[in-house]
Amino acid sequence: MPRDFRQKLHEIIYEADTPEGKLFDVVLLILIVISIVAVMLESVAGIKIVYGKELNIIEWVITAFFTIEYIARIISVKKPASYILSFYGIIDFLAMIPKYIDILFPGLGFLISIRALRLLRVFRILKLGRFVGASNQLVTALKKSKVKIAVFLFGVVIICIIMGTLMYIIEGPKSGFKNIPISIYWTIVTLTTVGFGDITPITPLGQFLSAVIMIMGYGIIAVPTGLVTAQFMQESKIQQNTQVCRVCNADHHRDDARYCYNCGSHLNK
Amino acid sequence: MPRDFRQKLHEIIYEADTPEGKLFDVVLLILIVISIVAVMLESVAGIKIVYGKELNIIEWVITAFFTIEYIARIISVKKPASYILSFYGIIDFLAMIPKYIDILFPGLGFLISIRALRLLRVFRILKLGRFVGASNQLVTALKKSKVKIAVFLFGVVIICIIMGTLMYIIEGPKSGFKNIPISIYWTIVTLTTVGFGDITPITPLGQFLSAVIMIMGYGIIAVPTGLVTAQFMQESKIQQNTQVCRVCNADHHRDDARYCYNCGSHLNK
Amino acid sequence: MPRDFRQKLHEIIYEADTPEGKLFDVVLLILIVISIVAVMLESVAGIKIVYGKELNIIEWVITAFFTIEYIARIISVKKPASYILSFYGIIDFLAMIPKYIDILFPGLGFLISIRALRLLRVFRILKLGRFVGASNQLVTALKKSKVKIAVFLFGVVIICIIMGTLMYIIEGPKSGFKNIPISIYWTIVTLTTVGFGDITPITPLGQFLSAVIMIMGYGIIAVPTGLVTAQFMQESKIQQNTQVCRVCNADHHRDDARYCYNCGSHLNK
Amino acid sequence: MPRDFRQKLHEIIYEADTPEGKLFDVVLLILIVISIVAVMLESVAGIKIVYGKELNIIEWVITAFFTIEYIARIISVKKPASYILSFYGIIDFLAMIPKYIDILFPGLGFLISIRALRLLRVFRILKLGRFVGASNQLVTALKKSKVKIAVFLFGVVIICIIMGTLMYIIEGPKSGFKNIPISIYWTIVTLTTVGFGDITPITPLGQFLSAVIMIMGYGIIAVPTGLVTAQFMQESKIQQNTQVCRVCNADHHRDDARYCYNCGSHLNK
């Protein structure tokens, strides 16, 4: 295979700078979306009976394309192993393989729905056009609050384990809280204010502790919110204050300011 | 029809500057509210049996008024088509027509409840009096966060599709998660912390993934909150500046600004 | 009755400046709390059977005190009518009267639980000691966001009415959405992310609209949060910046600053 | 016992500065986690049948270690009583004792799950490494909002008691709202937007009041969020100042400070 062809292929598949690269990305995204819609529709019993055949054909066509794409990705990259073992490499493989397995083991056909993971590639479109700024800011702010959010989640998990165990002791194994993992699951359901209601406390003491858990959950949601908000505000501040007046050193000018608000001298941009 | 009359009619119906225009708006709003209350009451079986006749008369009177209003709106506007095909034009038509259809096809009488959409006209009162500032600020702040909120919602939808599909694979089609669309619906119910409890995971792995989805939903609500809060804060900062430059008419100066950021001339305080 | 005694009585009952006034307030609060605990316990069937007699005695003693207090309030105030018809006057009357009614009409005894409303008097303790600042700040911030919160709630109610009606049209009167008021109630349950699950959509279109309502509710909670946060921040800013340097006019000093951060001159406190 | 040994033991057990101290902490944490996983697994009926024997052995080994640790803690501290009666002392005792009780009274074996409380020691790792800053900031911000959060929770509890009682009066003791404590529990479930759905209002008036409670809960969550956010923002503002006055060692200066706010001496940048 000529090295030139491989390089061209790499450019088209892995990059989005050239028109061909962009076209490939768009076609791929459309195919992923079609494939996921097909998988979704096939999972609905009523639709499968009527349109099962058509959906099967669509899935085979897309599987064929995905297979070609997978092979192309392998041959165009310098170190195939690094792609094959990468996160996206594994997803691409998992998205392609179930249809082939289905021939050998018909019962495993539902595994094709794992194809939905390919949707993660959709996040590439966030790298295009006017979404760049917005998504970058979101990601940056979340990354900066990372450690604090980790500490917070750690605390939440500890609270859930302790409270879940206490609920198990109070309500006892004969109620809906039949073991500790289930009780912890219930505590998470309650603390996050989801509240399915499939398991509910019956004893007065259990209901009292539940009330405490709920009010706790209602209150501590303030923590991640406060963290992210404070981070967003700092980001937006940084965005505004890039220039400093050369004459009086005043900063915090408006983004579109042409003159210093403090001494009236002209600002260089 | 004299042109003068049409112009007068247009002023009354479409504008709210003249006393007649305001009166028309208020009367229309009252009629819309009465009409919706009547439709609501009629939908309650117990009330319909006792007061059905009276409610029917009220609905016909209001339908007659709505019909006259609809015709008046068409004849008073220069390009009737633009009104008829506009958002409000279609709603006005849909609010009026079901009562007439009901004579021909009695079974479709319940469609009259679509009249509730006319309530959207109530937002006109936000353009009156002391609500103007408040609603403008809310709308402005939301508009400015638009792109970021779109990116966030896009991410949430992708997460819901992927998580919903995984839950379908884990819980299997024999549980409440009987197909992928239902699983995605369930994931949205859970991620938004609504948690109806009509469908709940039964397998330990399913419950573990549910817990992950819940904590995720509990945490990422911080993102829209942070975005909107940061935006509100910036709005309220800008609000503090009430002075306008006498030379170039630029406004939104910093509170402590002494010189115009746009033309550099001195500001009087 | 000597005028002096009435004035003294007024001071004790209505004011909290004198030691007697404070004592009266504390005793009253304790009696209200005891009375409410008694009412609560009596409502529990198991407890009423065993301790019904004792609880009845406690309630009569407290009712006697409340009656004396009510009469004392009337005779000590200059215009008795203004107290009797005031918000607290009506609550005080409602808290006292059910026990007497109970003798005449035994079935209405449960009305005594309306006594819980007297708990509102507990908010008086927020006027004492170190809670003053904190509760004032909370109340001030909420009052300042009042108009914006009203506009927001108005929008939420309109959305609930329209969405509730649409859900009624989609799900039809034979489902759980049996009439429009119930559908609107369900929409509020869903939009606020409470999600009882007693009524759930069954049709795919209904589930889709539900998902839209949920994501809406998940997102727009950002609005009141943003409003209140922005208000709190402005409050806390105002609290900090009370002094301005006499030499260079710099402001925004730390609360405990003794020297100007800008020119180093001494600050007067 | 030589005094030297006791001091060494104290250093290892109570402090984390020496390598041995750190090792002890890590080993202890690992044992606590293993012990809790064992307790959890044992509570699951299916697992207990198969692996009951192995889990029992693990629990005895850990109980033995915990017993040694408990004794070591007592003998190494100067005033054993102060440890025994401290919060952690009681937890350590409760974590150790149920296994011994189980021999005498086999039915109480499930009390061993109280061992989960030892997880609280895990918070020690927050004192290690890069989590220190983040967790300190979280704790500081929460501590500073303490009084305001207390006032807020106080208000929420009063609202829940009053609303719960009103719901009991409206829905009556024959519905799910069978007594006032249950009604208050339901109000907390609803106000915090958890919404189990095990108890739901049936009367129109009850549903209306529920809707009011929900919208209230949806709105007032803004208060703790706003408080904590405002506090975080102030913390992060203070954080930006990294310089310390060379004369008086005061820190937390404004970013643009040129003179020390405490002693007025010039700051070098």
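Labels for the chains are A, B, C and D, by order of writing; each one numbers its residues from 1.
Just so it is clear, contacts are C-beta pairs under 8 Å (C-beta built on N, C-alpha and C of every residue); 3 or more make two chains touch, one makes a residue touch a chain.
Nothing here was measured: the structure is a model prediction, and the numbers come from that model.
Taken over every residue number at the interface, the positions common to chain A and chain B amount to under half, indicating a different-residue contact.
Note on A-D: across the candidates B-D, C-D or A-C, the interface recurring with over half of the contact pairs conserved by residue number is C-D.
Taking the mean of the C-alpha atoms as each chain's centre, chain B and chain D sit 41 Å apart. Chain geometry summary: the mean Cα position of chain B and that of chain C are 29 Å apart. Among all residues of chain A, those that touch two or more other chains are 181, 193-197, 217, 221, 225, 227, 229, 233.
Only residues 193-197, 225, 229 of chain A touch chain C when the two sit together in their complex.
By the touch rule above, chain D contacts chain A in their complex via residues 36, 39-40, 43-45, 110-111, 113-114, 116-117, 119-120, 122-123, 126, 130-131, 133-135, 137-138, 141-142, 149, 153, 156, 181-182, 185, 188-189, 191-198, 217, 221, 224-225, 227-229, 231-233, 235-236, 256. Contacts from chain B toward chain A in the complex involve residues 147-148, 150-152, 154-155, 158, 161-162, 164-166, 168-169, 172-173, 178-181, 184, 190, 193-197, 200, 204, 207-208, 210-211, 214-215, 217-219, 221-223, 225-227, 229-230, 233-234, 252-254, 256-266.
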